[in-house]
Amino acid sequence: MSNLYQPTVMRIASARDEAPEIRTFRLEFTDDQYKQDFYKKYRVGMFGLYGLPGAGESTFCVASPPTRTDYIECTFRRTGRVTAALQDREAGQTITFRGPYGNSFPIDQWKGRNIIFIAGGIALPPVRSVIWNVLDRRSEFGKVTIVYGARTVADLVYKDELAQWEAMDDVELITTVDPGGETADWKGKIGFVPTVVKDSAPSPEDCVAVVCGPPIMIKFTLPVLTDLGFAAGDIFTTLENRMKCGIGKCGRCNVGSLYVCKDGPVFTVEQVGKMPQGDL
Amino acid sequence: MTQATTQTETKAEGFEPRIVAFVCNWCTYAGADLAGTSRLQYAPHVRIVKLPCTGRIDPLFILKAYEGGADAVLVSGCHPGDCHYTSGNYHARRRWTIFRRLLSLAGVEEGRLFFSWVSAAEGQKFADLINDVTAQVKAAGPFKHNPARRQAW
Amino acid sequence: MVANINEIQSAAAALLNEGKVKLVLGYRVRGNDRVPAFVTQADQVGCLAYDSACTQNLAAYLRKGEVRSRMPLAVVARPEVMRSLMLLTAESQIAEGQVTVLAVDEQGFHGVLDLAGTAKLLNEQYARIAPDSSLMEQLAKIEAMTPQERSAFWSEQFEPCTRCYACRAACPGCFCERCIVEMNTPQWISTAAESHGNFAWHMIRAFHQAGRCVECGACQDACPQGIPLMLLNHFIAREVEREFDARNGYDPQAEPVIGSWKQDDKQEYIR
Amino acid sequence: MKTLEATKLADLAAALTAAGYRVIAPCQRGDQVHLECYQAGKTLRADVIPVNSAKDALFPRSEVIGRYRFEGNEFETVPVAPQAGKTVLLAVRPCDAAALAPLDAVFNWDYKDEFYNAHRDATTVVALACTAADDQCFCTSVGGSPDSTANADAVLRPADGGKRFILESLTDKGQAIAAAGQAVLTEGQAQADPPAQVAPAFDSAAVTAWAKDGFDSPLWKELSLACMGCGACAYTCPTCHCFDIQDEATRREGVRLRNWDACGFGLFTKHAGGHNPRHDQASRWRQRVMHKFAYFPERFEMLACTGCGRCGRLCGNGMSIREVCSQIEQAAQAGVK
């Protein structure tokens, strides 16, 4: 038995600002054993606890896919004590990491099927790892559609990658910003994500949907997908409950008898529907 | 005589006290500056923490200093009526009045906590104050019964 | 039980029937205990009880959202609770019209009052509530100790503190939306139940009671570990009165003691 | 049979201390009785249920789980091992011993918690059978009994009208206690006193059944009105195990600590972004009850309540699990959703 709470040290290979208060770190393992163990376990959708001694730990998804084995990435917003301390770190410095924890998107079961990714704002990172995992294994899947929206053009994350996806022939990318959030040279759509999804009317035929975003976006997007004919078992999302331990002990992420950190964070909408709604 | 003996007994050999001073920017800090530019000699044991105003000196700061192992704390600002922000020192004075009594009840005696008004013109008063506080704390010895002190983890 | 408990019950029923209040906060008997009662229907007033064992300070419920949403309400209040209500009025936490007082003391029920009427009653009938004499004796003993002994005494008292914050939860004066101990940028007070964190917490809790504590004793009753919080509270209240001639919870218009000032406040200790 | 004179409980504690055990026993503290480390001169009280529970010894209220040092802008992590000395829980009640089952379950169901297990392995449980109960006790309503030996390595049974105890060793660890305490134990005959009568307070199966569909019940608002949201019940509960992880550091070094936390606190589930799933006390109180009687049984096939009655004994506002469960049972019988 070993100390489950002992993190490994990661070096920040590069750091870039995605949007106001949102930053991405590319992290390299400094411990080879930890790295090997990590890749043995890591599947898209899993998360880790990123920390800085003296400040504490925060939970974010691993934003890079398991097909990229030189580094992991995380993208996060500055919201409190830990995220502020982390964002003040620069390339070359170190932070701590524990993980990967939680369950994952069952993408092996999606082979041959079409996939639509729907994300809003800072919720693209958990979806992005799935997108790249799928794109890195492109031939195994059918049609790939990505719908991504943010409040303003400045709030869009991964702008370079949006351009890459845009340029791919076998990916349909729809970007949108909320009304009033556009700039003069904005070429994407203007409107809220649920409306844009409705207008683009993706076919539910042999298609799975991955939906991540702020609660309000999810609340209005799910009925749209249902109306289009998507089955609740084919719509996947992640829950972002507050966590401390990440390993099913501290009790903070409990929803009903589930530990979101162990049984989640990936759930189908069918599963979410069975949870006590008042605790979400 | 008895008192003198006790003091020598509790006093550690070569004891150099750690004293934390919370001072306001406009008066006491300027007074300390004047003491320096006037080349007045004063004891080097005081670590000064400058704040905009004594009104900003929360009792938590004082506790934090003791927690970190300060042998004594000095709090100093503008004379009544001289506050750069009109009334910050009056507010501070009310807090000190109660908080020092509470600390005293908890075991932080008078000789571990000092208060003063030092204006920007009182370089000499500042030097004298520091010398006197340092001498008192030196005589009292290390703050072994400091109830706020962080224990080793 | 006080002799005229029926009068409390019928006053509560009348307030509910006339629609003047939506809720009556009182006490009921449960076995050997007295527990809070939340009465919303006139036909439930029969459970209301009052005697000297009813020690909880019901004014503490006035910061709970689920109770505030049922204002206007009535509170069964002994003198200390009335003082808490005065304090909450002075601190802009409640206003006239939101809270009606069912005034009680060990002798019995003394009528239905608004906040202004409560202030009048307090100052006429209960201007001096003598503090517990054993408390004063204990305090005198502690004050006679050497600093080393005082430090050791409090370390021992604070040692069992588990930081459950029951003291804070039971206190009507602790109405901050977010307590200083929960501020984490920076973390001023260690949240670990260890000596320095416990010391800092109890010092700051006591200090924040300056000008607020009405010495109702609810915090000490709530403490599962039996920490003698009233020694600290009584000390602070005594010093506030001695230094600033202020007695907490008698004037609904009073300025906060810490947070106001006078030019001629004492300062003999400042060089 | 091994017996111990009732007046010699402290002598047994002293003998075990001398044998190298950290002895956690019910000690007099002011006018209360606390389970705390026995030291010479402390008075032991076998007649009162202590304020705090035995979990403190296995899951301390604050425990170092990480260490680090700073050098300028860089840090270095330092490995930590659990500080678990040989411990005996002496004269803890069967309800405290019973609570080790849910604690074992949660700290081992998937990942195995090194700190808890180190304490657990180093601990010997000497239970004290109850011959008296108060009006808050309800072990019999949650599957326990006043003379249960579940999770105990040895048991002290009051005998001969309380004059002495019979010490029964149940495991090797328990044998070791009997051996270490040999000098104060006597070999002889004694008649065990009858166990306490603990009248059933409610039917826990009925509570669990009601709770299955009870999440949205308006009853929670009513049941929780008196709760002021302190953590006293959770902190003295033998089974509550929620915790927080906090860093404490100076400029040079620091620690990562695991501190108790409680679902009754408003900040427990509050997200950094401001959203709080359990935004009122009713939802937090519901979590407390549901966790003990619905969620935990669903996951681990046991209740997370052992009927010790501490919550009812200490809460001045009457928020006792015993009373709330009785009310739920009544509601269930009346067909109230």
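Odds and ends about this structure:
Going in written order, the chains are labelled A, B, C and D, and every chain counts its residues from 1.
Definition applied: contacts are C-beta pairs under 8 Å (C-beta built on N, C-alpha and C of every residue); 3 or more make two chains touch, one makes a residue touch a chain.
Quick caveat: nothing in here was measured; it's all calculated off a predicted structure.
The greatest centre-to-centre gap from subunit C, using C-alpha centroids, is found for A. Centroids built from CA atoms put subunit D at 31 Å from subunit C. Centres computed as Cα averages put subunit A at a distance of 52 Å from subunit B.
Averaged C-alpha coordinates put the centre of subunit A at 39 Å from the centre of subunit D. With centres set at the average Cα position, the gap from subunit B to subunit C is 34 Å.
Chain contacts: subunit B has residues 150 touching two or more partner chains. Among the residues of subunit D, those in touch with two or more other chains are 244, 246, 248, 254. Contacts with at least two other chains are made by residues 187, 194 of subunit C. Applying the touch criterion to all chain pairs gives A-C, A-D, B-C, B-D, C-D.
Contact residues of subunit D toward subunit B in the complex are 64, 67, 248, 250, 253-255. Of all residues in subunit B, those touching subunit D in their complex are 68, 150, 153.
Interface residues of subunit C facing subunit B in the complex, by the touch rule stated above, are 142-143, 147-155, 180, 188-189, 194-196, 199-200, 203-204, 206-207, 210, 232, 235-236, 239-240, 243-244, 257-263, 265-267, 269-271. Against subunit D, in their complex, subunit A makes its touches with residues 1-7, 9, 52-58, 79-80, 83, 93-94, 96, 215, 240-242, 244-245, 247-252, 254-257, 262, 276, 278-280.
Chain contact summary for the complex, subunit C toward subunit D: residues 30-33, 35-36, 38, 55-56, 60-61, 64-67, 160, 162-170, 178, 182, 187, 190-194, 218, 221-226.
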